[in-house]
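Both complexes shown next keep subunit A, but they swap its partner, so subunit B is in the first and subunit C is in the second.
Moving on, here comes the complex of A and B:
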C-alpha cells in the first residue's frame, strides 16, 4: 500500500489523465448541440440539433457524407483483410519454417518506419508507375502496412497460450486439419479474432498519416476534417466529432455484445 | 496368442538425441500395461508414437497384427487421454464426448444420445451441460475418459492420467480405471512415473531407462526379481548391496535388525543413521562401515520390542535366499 502522499500524487495523475482523455471529447459533444446562432466557443447560444442537420446537407466546403462512406467502406475492407490475413499468418508462424525469422522482422519493421514515409513511398511509387492513387487501392495498402503487423502480433500472443493438445485431441478423434481448425481452434480463439477486427477497424477509421499522400482525389473522413478545420468556422465540425465518436462506441459496443452472445451460445 | 500391441525396434530421434532406442515389446490382448520410468526415459515418446502423434524414426508398430507405423491417429484403433485432458473449453461435457462421433458425421440426436450413455458410464450424467471450467479435476478427467472411449478404441492410451489429482482421488480413480479396463476388455497403456501406481494397475509393467526397456514383466516378477540395480532402486523397497559374493537386491521388508554381529547368515554391520516411524512399520537406515547404506522396514511390533536410536551400533541381517543376484555391469 503506497503512503498518503504517494496516493495523492497517483490520484492526481490519474485525474489529469482522465481529464485529458475525456475533457476535449465532452467539450466538443456539448458544443455540437450549440443553437443555430451559436459559435465555435462557449457560451452556448441555445440548444439545438441544427448542426447535426447541417452535417448531412451539402457543405460549402467539404463533402462529409461521401468521405464518411469512403472511410467506413475502407475500414470494412481493412478489417476483413486484417482478420483473414493475420489469422492465416498466425497459424503459419506456429511452425518454424525457412526464413520465418526474417519474414517476421520484415513485417514488424513497417511498425517502426515513420508512417508519413510509408505514405510518401507508396504515393511516389503509384506516381512512377503512372497509376491513379485512390482510397480503395493505394490508401488501402498503406493502411494494411499498419494493421497487419498489429494483427499478427495479437495472433502471436494468442497462440503462445494455445494448448496444442487440443488439436492433437481433435486429430485423435478423427478430425481432419480443416475440421480441427473450424470446430476447435477457431471457436477457442474467436474472442481474440473479434479483438483483431476491432483493432483493424479503429486503426483504419482514424488513420491519418499513412492515408495523407495515398488517398488520391477522394478524401477519407480524417483528411476531410483536416481540410475543414482551416476553412469551416461553424459547429458542424463538432457535430461531426460527436457523430464519429458515437460510431466508434457503437462498433466497440457491438463487438462486446457479439462476444457475449458468442459465449452464451457456444459457452466459452 | 497374438499381441494387441507390438513394438519392433521402435526408435525416436530428435536430431542427434535418441529419446527411444530400438525398443521391442509385445503386449498381450486385453491387458493393463504401465510404462514406468523417471522423466526423460522415453515413456511418453513411446506412448505418443503408438498414438500416432509422434513420427517414428525407425522400427514398426503393430496393432492387432496390423502395421500402423504410417497411419494417422484416427485410423489406428487407438484413443488417447491427454495429461492435461485437453477438453475443448467451448463445448459442454456432453458435446466434448460426442466430438469423435460428430467428426464421423453422425447426426446430432444420435451422437448426443450415445454421448449420454458414455457420460453414464463415468457417472457424470448430471454434468452433461457443464463446461470444462465448471467441472472439478476429477470430473474433467472422467469426461476425457468418456470422450476417448466413445470411438470404441481397441487400445486406450493414457498419458500420466492421475498426476493432476490429489492423493485420495488418485486411489479412487485408479480403481475405476482398472475396473473399466476389465469390463471393456481392451488394452490400456498407461504412462506413469509412480511405481506404486504401476504396481497397483499393471498386468505387465514396463520399466524404462534412457530410452530402453530395463524390464518388462508382471509387477510381482519385477518386485521379486528385479533385472538390474536400476530397476531395484526405481521400483523401491530394495537395498542394492555390493557384497563379497557380488551385487544383490534385498527387499527392505525382508531385512531385519540382527541382535549382534553373529556369524552365519549374511549381514551388514554399522550404525543407525535414521529412524522413521511410518505407522504400521518403522524404517531404520543403517550405514555400514564400508560406507554403503541399507535400510530395514520393520513391522512396528518388532521394532518396539527392541527399539534402536540413531547413532547406535546395529547390524542388518537377512535370509540367504532373500538376496537376489543382480548383473554387475549396469548402473
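Moving on, here comes the complex of A and C:
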C-alpha cells in the first residue's frame, strides 16, 4: 500500500479532479443570475432573475415549454423501453441460444458506431422510405441504440453475480417461471433496474448528436441548446443550462429518494 | 415452448438494433456510392465520393487531426483515470465514502454537456478568470491566448467530459483484485512500484481496455466539442461530416462516415483482441 505522502498526493489529485468537474457547472449557475446588463463572462454586473424571465419570452428560445415537454416525454419513453427491453434480453442471455453471439456483437457495435453516423444513417433511411422523421419515432429509435447497450451490459454485470440457487429454490417450491421471475429475481435485481432507468434517462435527456437528423421539425431541448451556442451571446444560455440542470436534479433526485422510501416501507 | 423463450425475450432488442442500427449503416454504405447535385440525391454507383475523401489533402489532415485528438485525450484520461481509480479502490477504505465520492463525480453530468463546454469560455478567455488571476499575481504579463479556441481547449473539454468513462471500468477491475495478492507481493519483498507494475496493472488490463474503447470512440465521433471549443480553428472528421450534412451533401458525408466507421471498428477490434468484454463484466 502507498505511504502517507502518496495517499495525500492521491487525495489531492482527487480533490482537484472534483473541482475541475464542478468548475463549469458552478460558473454557469452563478452567471445565469447575471444582471440585465451583464455579459457571458465575469464580472457579475448585478444580480437578477432577468435571464430566467427572458427564457420564457418566445423569441429567446424557439419554444421552451414545447421542447422541454418533448424532451421529457422522449426521455420517459426511452427510459421505460430501455428497462423492459434490456431486462428481457438480459434474461435471454443467461442461457446460450442460437444467434446469441451475433446479437451480443451487434449490441457492442451499437455502442461503438459514432452517434453522428447513427443520426445520419437513420435520417437517410427515413428519407429513402419517404417517412417523416419525428422525435417520437426516428429520434426515439436513435436514442435506443445508445441506451440499450448500456442497459444490457448492466444486466450482464448483474447476472454474472446472481446466485441461481434462489431460483432453484423457487422452482422446487413449485413456482412457475413467471412467478419465480416476478417474486424472486426481480426484487433481488431491483436496484440495478433502477440504475438502468437512471442511466437511460440521463443519456436521453442530454442527447443531441443522435437526435440531430432524426428529430424532424420538433426540436428537443439539447438541440435548442446546440442551436443557441452559435447564435445566442447572452446569459440566457446559462439560464437555460441552469433550468435543465434543475430538471434533471429533480427527476434523478426524486427517483433515488422514491426508491429509498419504497425500500424502507418494505423493510429491506 | 421453453426453447423459444430466450428468442422471445431477445426479440425486442434484436428488432430495435436491426431497424435502427443495421439498416441505417447499410444505408450509409449505399448512399456513399450515390451521386448528388445541390437539390437531390441521385441513385447511382459512383466512386467520386470516396475519391474526394482520399485525394484531398485537407481531408487527410482532418483525419490525422482526429487521431491526434483521440491519442492525446486517451493518454491523459488514462493517466488521470488510473490514479483516480487507484485512489477510490485502494486508498479509500470505507464503502460508504466510496459511494459518496462516486455520486459526487456523476452529479456534474446532470448538466447538459454542451452547456458545460460553453462554461469554459468565461474561465479560459482572454479576459477570463484564469488569465485575470495569473495577471493579477504577476505570473504572466500578457494574457495567454492559447487557453481558449485552440487544441488545448478542445482536449481540456474532452478530458473534462470523458475521464469518468475511464475511471469507472478501471475501478471495477481494481475492486475485484484479491487483496491477498497484494499482501503476498509485499511479503515477497515487492515495493510499491513493483506491486503496481507486476500485480495491479496486469489485472487492470480489461478495465483499461473498456475505458479506452469508450474514450477513443467518443472522441473519434465527436463534432460538437471541436466546433465549440476550437472556435472554428480546428476540424475533426465528425465535424466535417456534420458540415457536409448541413450543406445537404449526404453522399459525401456518407462516404466519410463509412471511412470513419471502418477506422473505429479496426481500432476497437484491435483493443478487443486483448480483452474479452463479456467475461469481464
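Note that the second predicted complex is superposed on the first by the 249 of 268 C-alpha atoms of A that agree within 3 Å, B and C clash if a C-alpha of one lies under 4 Å from a C-alpha of the other, contacts with A are read in each partner's own complex, and residues count from 1 in each chain.
Keep in mind that, in the parts below, a residue touches a chain if its C-beta (ideal position, glycine included) is under 8 Å from a C-beta of that chain, and two chains touch if they have at least 3 such contacts.
All values reported here derive from a predicted model rather than from experimental measurement.
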Here subunit A is shared; do subunit B and subunit C fit on it together or clash?
-> fit
Which superposed partner A:114 touches (first subunit B, second subunit C, both, neither) = second
First (subunit B), second (subunit C), both or neither: which does A:170 touch?
-> first
Should A:188 be classified as contacting the first partner (subunit B), the second (subunit C), both, or neither?
-> first
With both structures superposed on the shared chain, find the angle between the C-alpha centres of subunit B and subunit C as seen from the C-alpha centre of subunit A, to the nearest 10 degrees.
-> 90
Touching A:93 in the superposition: subunit B (first), subunit C (second), both, neither?
-> second
The answer to whether subunit B or subunit C touches more of subunit A is C
Just subunit B (first), just subunit C (second), both, or neither: which does A:55 touch?
-> neither
Return first, second, both or neither, reflecting whether A:68 touches subunit B, subunit C, both chains, or no partner chain.
-> neither
Give me, in Å and rounded to a whole number, the least C-alpha distance separating subunit B from subunit C in the superposition.
-> 14
Take the contacts of subunit A with subunit B and those with subunit C, and give the residues found in both.
-> none
Of all residues in subunit B, those that touch subunit A in their complex | 51, 53, 72-74, 78-80, 82-84, 86, 88-92, 99-100, 102-104, 131, 147-148, 151
Could you pull out which subunit C residues touch subunit A in their complex?
-> 2, 5-10, 12-14, 16-17, 19-25, 27-28, 31, 41, 80, 83-84, 86-88, 90-91, 101, 104-105, 108-123, 125, 127-129, 132, 160, 163, 182, 186, 192, 213, 217, 220-224, 228, 238, 241-242, 245, 250, 253-254, 257, 260-261, 264-265, 268, 277-278, 281
So, in the complex, the side of subunit A touching subunit B is made of residues 163, 165-166, 168-176, 179, 183-184, 187-188, 190, 266-268
In the complex of these two chains, what residues of subunit A are touching subunit C?
-> 1-3, 6-7, 10-11, 13-14, 17-18, 20-25, 27-28, 31, 40-42, 84-86, 88-89, 91-93, 95, 97, 99-100, 103-104, 106-118, 120-125, 127-128, 141-142, 144-145, 148, 152-153, 156-157, 160, 177, 202, 206, 208-209, 212-213, 221-222, 225-226, 229, 237-238, 240-241, 244-245, 248-249, 252
